[in-house]
Every structure is written in structure tokens, then in C-alpha cells.
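What follows is a pair of complexes built around subunit A, which joins subunit B in one and subunit C in the other.
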Partner chain A sequence: MNFVKELKVFITVVKLSQIERIRWMTPVNFVCFSILSPVFWLAITTTIYSVMAGGPISPQTMINFFIVAFLADSFFRSILWGSAVHLYNEQVAGTLEILYVSPVNLYTWMIAKSFSGAIDALTSIAISLPLAYFAFGFTFGAINGLTAILSISLTLVSLYSIGFAFAGIGLIIKQPWAFSNTIQPYVFLLSCIYYPITILPSWLQNVSRALPTYYGYKLARDALLYGKGITDVSGDLLYLTLLTLICVFIGLLSFKYLDRLIRKHGFLSTF
Partner chain B sequence: MNLMKEFRTIQAAFVIGMKQRFRYPTWFLHVFLGPFVYTTTTILTYESMMSPSSVQSFSQLSGGITDVAGFVILGSGIAQFWLFMLWGTGYFIENQRSAGTLEVLFLTPTNKVVLLLGVALEDFAYSSITISIMVTLCSLAFGMNLNVVDPTGLLLVFVLTVIALYAVGIFFTSFFVLTRSANLLANFLQAPIEYLSGMDFPLNAIPKMFLFFSALIPVTFGIDAFRKMSLAGASLTMVWLDVLGLTLHIIIFSVLGIWGLKFAEKQSLKKGDMSFY
Partner chain C sequence: MEFSVQTFNLTRVFETKKKGSGFLGSIKRKKEKIVAADDINLSIGKGELFGLVGPNGAGKTTTIKMLCTLLLPTSGTASVDGHDIIEERNKIREKINVVLGGERALYWRLTARENLWAFSRFYNIPGNVANARIKEVLELVELADRADDRVERYSKGMKQRLHIARALLNDPEVLFLDEPTLGLDPDGARKVRKYIKTLVEEKQVTVLLTTHYMYEAEEMCDRVAIINKGKIIALDTPRELKKLVRKTAVLELNVKGIPDQSIQVLKRIPGVKNVVSKGIPESELSQLRLQTDGKGKVVAEVIESLVRHRVKVLSFQTVEPTLEDVFIKLVGTDVE
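Right, the complex of A and B next:
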């Protein structure tokens, strides 16, 4: 493997994806999708908490609890609506077969696309944070930087590995939008973005604990709201590391398998 | 007007729409269980804050309703009708553009409003199935304490809400195709409408300055009246303002929708660029 060549491919793909993103981001689209949309989505849930004021838990506590997870979920959304459809988008544009026969490592291409998706998610978080602060009174608690960096890094690796599997599935079922739409509500339900895990029945709690998103969002809260150190969350970090290894293994293996299947049956450009 | 011909148009639009729905089984899991899972998530969000004093606070804002789960289930039900309308009837002509059949559609000797009635009818039938599944599953899981004293009035409110929704759908279908930004608009409109119409919470909880925008959305009146009549034992006369709002929306959006459709048709025939992006 020629690393310089792979690096060039990586940079080119990231650059192209970002140019496409900037072209799409007209002033109107920026206001609608980067400012108004997140504000309204945040407002819906924060209003629910406010309506239920008067109980033992203050609405602001739950608002902070939710906003950390909502922002962290930007990465998962970039996989669901990005990674899962990258190859399909090439198929629709009629360039998938050209991509396959070009002397480019498809893994490098996918990693670059995922990296570009992560940049988009980070941009979205950077824009949403001040909005959350001014509109909903969101503030970080005692931040533990090391726990935050470690847990977010592990979560990102696990999520973008899953993105590999999603990309292959999207190409095979020819309806990646259906796939993304199907997955999303279950992730909302099980990743405990809106409520603590104790609200779920015990059997569903076990399902939640098998998801990297659950640990990712929980650790993000522990690090950014409650200032917990690595030793305080060592158990969860260990689980997340294990899940990340499993996700990397499953992601790469399933992508390789699906990729072979597609080449073998020759339905790259057919719908 | 040849009634038999118009009926056949409605029938054809209905049958084609249904066949297309069942052509893609990959959507089934999302369409049939997605609304249930979304609604469950919202109910659990409420439950995370549940206590006698928080229910009292909720009841004050919702006009005496104490059944939080029922409140959410009914709101989600009407909201699902809205979403199906937005991506179904509202998106119908845009879909023709994607399929390359938009100009053929405008050239066919059928009344486009009648055609859209067929599309809306199919949309309503399909969404009714999925919403019934959601309401049944959620009621079984969380319970719903119905308190209906005026069933006829409730039925009338439901019929008015559905007609208002599809009047907006007919308006959207021409608006989307004329602006050439259907996907962006349909995606963007979801969150503001969900917030401003009070689909997930009592409308009294939003800042007063937004209520003007809430009044521009027909689903706001439908949800409010439906909840009051189903859960708080209100009669038709007690929700007269909602009924008036729905009736006005039906008139305004029907006129705008029919005019917009005729305008789009004229533009298509005159300029021949309606199929371009």
C-alpha cells in the first residue's frame, strides 16, 4: 500500500465533499437547516420538560441532560443520513462502477467520506452550542477533558465502523433511505437521548447496553456535565472499548462481504 | 363534468398509489412500527419527569387533561396524518418530476384536482392503517383514558381535520413544484410545524408571540379540538373556535391549492420548463 497515494485520495475526497457541502449551503439553507431546524428540534423536547415542571427533577437538569446527547447524536445522524447513502449516491449519479474500477482503495474513499461527515457533524455542533446556550440556558457542568476526549474518540470509531456496514446494506437493499428511516426511531428510543435508562423496562435496558450510542451519550454526559474522571467511568469505558472493537470487526467484515456480493452479482449500477 | 370518468380517475390514482406502497417492503418496518416507536419515546420522555405535581402542572397547561399518555398518543396520531400528507399528497407532483412524467401528467385530459383527490384518498387510507397500529399498540402499552361525551361532534372534528389536511396537501403539491425546492421545504417544515402546532405538548406552553404562526397551521386546531373532545369530555360547542379555524383553513387552502395547481399547469404548458430542476 502506497501511503502517500492513499493520503492524496483521502484529501481529495474530503475536499470534494466539503466543496459539495459549501455549494449546497446557500444563505437560505444555512438559516433553515443550521439555525432554525436545530432550534425547533431542541425546543420541542425542552418544552416537554418545561411542561412537566414542579417535580423532583428540574426541567433545566433534564434540558442539559438531553442537549449533550442530542449534540453527540449529530455524529450518528451523519452516519445514518451520510455513510449509509454514500455508495448509493454514486449509484444514482451513475458513477459507482467508475469508482469501483478506479485505482483507489475503497476503504480509503469510505474513511474520507466518513471523516467529511464528522466535519459536518462538528460544524453542526459548533453552531448549535451557542444556540442551546442562549435559547435554552444550556451550560456545561464540571468538564473532565480526558474522559470526554477518550469516550468521544471511542464512540466515533465505533459509529463510523457501523457506517461501513450501513453503506453496504444501503447498496444492496437499494432503499437506503428506508433503512435510515427504520433505524432512527429505535436509536432514539434505546440510546436514552431523552431520559435516563431506568425509565426503560429491564429487558430493553439490556438491549440499550448493547449499543455504542448508549455508552457514548452516557459517557459524554459524565464527562461534560458531571466531571467524572476515567476511574469513575472505567467500567463503562471498558464496555465501550469492547463494543468499539466489535463494531470495527463487524463493520469492516460486513462491508467486505457485501462489496464482494455486489461485484459478484453485478448489480452495481442497477436498481 | 362526466362523473363516471372522474370516478375512474380517482379509482386509478388510488389503486396505483396503493400498489406503489406495497411495492417496497423495505419501508414496512418504518411505516408500520416507526410511529409507535417515536410515540413511545415521547411518552417515556414525559415519564422521566412524572410526579403528582408535574402532572398537575401539565394539567393546568392542557386545559384539565391529566392523561399524559393519551394526550401524546392522540397528538402523534394527527401528526402522523400530517407527515403522510406532506410526503404523499404534498409531494405527488414533485415525484412526477423525478420520474420524468410531470409534463405527461399536465398534458393528460384529466382534471388534476380530481386526480389529487384520488391521491389524497389513498394517502388517507394508507396512513389510517399505520396510525391505527400506533394508537392500538400505544394504548395497550401505556393506556388511554378516553372521556368522550359527544361522539358525533368528535367524528365531525376528525372529518374536518382530515379535509383541512388534504386541502393543505393540494396547496403544497403545487407550491413545492413551483418553488422547485420540495425536498428542502418538506424536510425543513417538519420541526417548526411539530413545535408550533403543539403536537407533543400543550400549546399554552409555547411563547405567546408564536401563537399567530400556530394559527396558520390547520393541524393546530385539529389536535386541540380532538384532544379536548376525546380526553376532557368537551362538546362540539366548547371547541367552536377550533371548528371555525378548521373551516377557514379548508376554504383558504382549497382555493389556494386549486389556483396553484392551475397556475402550475399553465406554466408547464406555456414555458415547457416545469420538468427542469
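Right, the complex of A and C next:
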């Protein structure tokens, strides 16, 4: 693999995707999708959370616990979501076949598309943060940057890899949104975005621990709220690394298989 | 002779599900097999402009898609520039390009230059070379002055020319053009044909062109294969193919108000081999194309029959047989 070539493709796809998005985005769209929607969702869910919170843990601790996961979730979800629809969107636009005919590395192309979607999610996070601070008293704790970067990077790699499989499935089932909508509640339930894992029955906790997103959210909290260092979370990091490797293996193998299936059944031109 | 494209019993079967009959028809669907390409054997020489002609649904696009590695064959195989389409698709993709017709297949929110820049990256063309290539191909297709306009503001013809520019970007050794002039106005189609010819003459690119315009294939191609229902039914130079109809006299008539029944009557006139009728767009007129043996009083009998059926004959002339007549002779109907 020619790394410089892949990097150039990556930068070009991200840049042109952003240009396309900016040209598509009217001021009204931007206000609705990038500002109001995430802000309202954060406000609604955090308000419910502050009403429901109680017991031995202070409401503020719980709110901080939730907000970190909410912010991480909008970032992670944009990647999983995007992966399923990027190739399908190309198909609808009529550009998928010429993309396939070109010698571009589709893995690089898909990562770049997902990264471009993640930039949009980061915009929403940047807009939501002041609300979280002023309205709900959210503050980051003692941030441990290294743990945060390492855990978020590993989670991203695992999600990009799962995304390859989602992209192939999206082309075959022709309803990638329905697929994403079906997967989302399970990921939500098991990744412990809204509650600690101890709430789940023990057998379900084991299922949660098989998901990279669970570690992604947990380590994001550990790093951003509690300032835990790498040695403090080494066990979880090791699990996340292992899961990431498995995801990369499964993702690459699945896409290779699905890609052949797509060409065998002629799914490239039918949608 | 060195071949750029060779196919060996290339076959593609599609399976579709057809609605069954009766109450449970929607649930119990019948599987149906459609042979889109049937045992296709072609050898296309290096630098040849080869035409694959046939009506809609004949298997032209399916064949091109298999050769561009977009579709796997059901059986048989093919090689493009010496590489197998099933096993060596990455090597093929570096050496080919394709125009798949239609208005889409471009990033509409980007400008022409941005579209071409994206693809220059996909083909790993160095930046400075890419800039020069983009300029060159845009000039070739006469879009240099609109290079920085968004594609969504382009006319259909301009989009088609941009498709061709994109396909030339990587200096392909083999170029697949699927109906490149479909839906274009006469001037736009003429320009596209001119670029393709220039390309073959100046750069010795091998071109496989599909079209259902017989005159286009006749005017442009070194050799033509006629495909119908997935099968190649004739293959030769346009001149040799036309020899199949050298003993045929072709009569072309413009008429008004012709019922199907009259066409059937015409077919029964001794000496008439085939009759094809097609409506002239935006008018009540029809054009009749009759293949006859040219003997005796056949022309007089045709006119007399039309008059007897109260069909208004506006004009008639005998014309030289074309590739379209070859197709009519082989298939029994016209290409459209």
C-alpha cells in the first residue's frame, strides 16, 4: 500500500465532502441540523436525567457522567451511521460505479467519508458544550489527555472497521437507514451511555463487555471526568485493543466477501 | 494482431423473481432467469474502435460492465490488456476508464475542475501532471471556460462531455463508452463523436463503444458486432456487414395515418422482405422502411396498397442500405 497516495485520497475526499456539504447547507439547514437539534436533544435528555437522578450519587456527577457519553456518542454514532449510507448515497447519486471502476482504495475512501461526517459531529459537540456548561453546570474533571486520545482512537478504528461491513450490507439490503435504526437501540442499550453497567443483569454485562463502544464511553469518562492514567485503565485498554483487532479483521473480511457478492449479483447499479 | 480485449464464452445470467398467479401470487414468486449475455466471444485489437450495437436490453451494457469488472460473469471469462477480469481486476482498473452514459455519475455540487481533481487523486496522478491533464481534457471537450461552474448548472450535453473528460484523465489504454451520445441534441452528439475519433486517431486508445444508433456505429467504428437477446449475431466491418443486404433495395416513405393492418398487408406483397414503421417525434407522421428485392413492380404495388388503405403518402425514395437494414434483415425488426 502506498501511504502517500492513500493520504492524498483521504485529504481530497474529506475536503471535497466538506465543500459539497457547505454548498448543500443553507443557513436554515445549518441552524436546524447543526445547532438546534443537538442542543435540544442534550437539553431534553439532561433535564430528564437531573429529575430522575438521586440516591447516593450527586445529580451533578450523574449529569457529567451522561454528558460525556452524549458528546462521545454523537461522534461515534456519526461514524457508524455514515458508514452504512456512504456507498449507498454514491449509488443513488450515480457515482458508485465510476468510483468502483477507478483504482481507488475503497477502505481509504470510506474512512475519509466517515471522518468527514465526524467533523460535522464535532461541530455539533462544540455548539452543545456551552449549553452543557452554562445550563447544566458540566465541567471536565482532571483530564488525562493521553488516555482520552488512545481510547478514542482505538474506538474509532474499531468503528471504522465495523463500518466497512455496514457499508457492504447497506448496498445489499438497499435500506441502510433501516439497518442503522435497527442496530442503534442495541448499541445504546449495551454501551451504557445513560447508566453504569452495574444496572444491567450480569449476563448482559458480559455482552456489553464484548462491544468496543462500551469501552469507548467508559474510557472517555475515565479520561475526561476522573483523570485516570493509562496504568489505571490498562485492563480496559487491553480489552479495547483486542476488540479493535477483532473488529478490523471482521470488517475487512466482511467487506471483501460482500464486495464480491455485490458484483456477483449486480447490486452496484440497482437501488 | 495484438488484442486489447478478448472474451471467452462470456455469459451473464440474472435471476429475477416474477409475481406468480392466483391469490398467493405476491407471496409465491417465481424465479426467472434472464440471459443478458450469452456465450460472447470477441477479440478487439489494440487501437481499434469497436462497436457493439443492438436494441435496448440486448446485453450491451451488461457486457461492458463485466469487462470493466463491475459485474462478475456467470460463466466464461475475458481479458482486458492481458489481465483476467475476475482475478486481476485491480490491474485492469488502472488501465481502463468508462463512460456509462446518462446525466449522473458526476458530483453535481462540485465544479468540473473539482470533479476531475478528485478522480486524478483516485488514479494517483501527481498534482502538477493532474493540473495539466485537467486543463488538456477540459479544452478537448470544450469546457475550459466553464471549468469552475458547478456541474448542477450544466446542460445534459455538457455533463456528457465532462464524463468523457473524466474518462480521459488517466490516459486509459482501453476506453469503454456505453451509449455516449444517448439523449444528446444532434450538435452535442456530433461533438462527442468527434472527440472519440480524435482520441483513437491521435492516441491509439482501444475503444469499445455501445450504441443503438446504427448510423453512429457505421460512421465511427472499424468493426461492429450486432448483439440481440444477449447473442452476437453478426460481426465484421460495416462495409462487409452491408454486403449482407447488397441484393436488397430499400424504400423509405413518410406517411400519415397508417394502421397496423396496412403494415401487415404490405408485408404480404411479393418482393417485400421486411417492413419497419416508426413514428416521427412531435408529429402524426410515420416513417416506413421497406426492404424489397427491387424486382418488378414492387414499388408501385406498395404505393397502390397504401392509397387503397387511405394512407397519405407524403414522400418516398429509394435509399442505399445501411447497417440498420442489416439489423432488420437479421432480427426482423428495427433496432429501436
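Just so we're on the same page, the second predicted complex is superposed on the first by the 259 of 271 C-alpha atoms of A that agree within 3 Å, B and C clash if a C-alpha of one lies under 4 Å from a C-alpha of the other, contacts with A are read in each partner's own complex, and residues count from 1 in each chain.
Following the convention adopted for this analysis, a residue touches a chain if its C-beta (ideal position, glycine included) is under 8 Å from a C-beta of that chain, and two chains touch if they have at least 3 such contacts.
Values in this document were obtained by computation on a predicted structure and should not be read as measured data.
When both complexes are superposed on subunit A, subunit B and subunit C sit side by side without a clash. In the superposition on chain A, A:S234 contacts neither subunit B nor subunit C. In the superposition on chain A, contact of A:A43 is made with subunit B only, not with subunit C. Residue contacts after overlaying the shared chain place A:I173 against subunit B, while subunit C stays out of touching range.
Touch criterion not met for A:S153: it reaches neither subunit B nor subunit C.
Of the two partner chains placed around the shared chain by superposition, subunit C is the only one that A:V9 touches, whereas subunit B remains out of contact.
By the touch criterion defined above, A:P185 reaches subunit B but does not reach subunit C. The superposed model places subunit B and subunit C at 90 degrees from each other around the C-alpha centre of subunit A, with the value given to the nearest 10.
If you count the residues of subunit A touched by subunit B and by subunit C, you find the higher number for B. When the two structures are aligned on the shared chain, A:G266 is found in touch with subunit C, with no touch to subunit B. Taken over all C-alpha pairs, subunit B and subunit C come no nearer than 10 Å in the superposed arrangement.
Shared interface residues of subunit A, touching subunit B in one complex and subunit C in the other, do not exist. Subunit B contributes residues 24, 26-27, 29-30, 34, 37-38, 40-42, 44-51, 53-58, 61, 184, 187-188, 191-192, 194-195, 200-202, 205-206 to its touches with subunit A in the complex. Contact residues on subunit A toward subunit B in their complex (touch as defined above): 29, 32-33, 36-37, 40-41, 43-45, 47-57, 59, 62, 173-175, 178-179, 181-182, 185-186, 188-189, 194-196, 199-200. Listing the residues of subunit A that touch subunit C in their complex gives 2, 5, 8-9, 12-13, 16, 19-20, 23-24, 93-95, 97-104, 260, 263-264, 266, 268-269.
Those residues of subunit C whose C-beta lies close enough to touch subunit A in the complex are 14, 65, 68-72, 90, 93-94, 96-98, 100, 102-110, 114, 117-119, 121-124, 150, 166.
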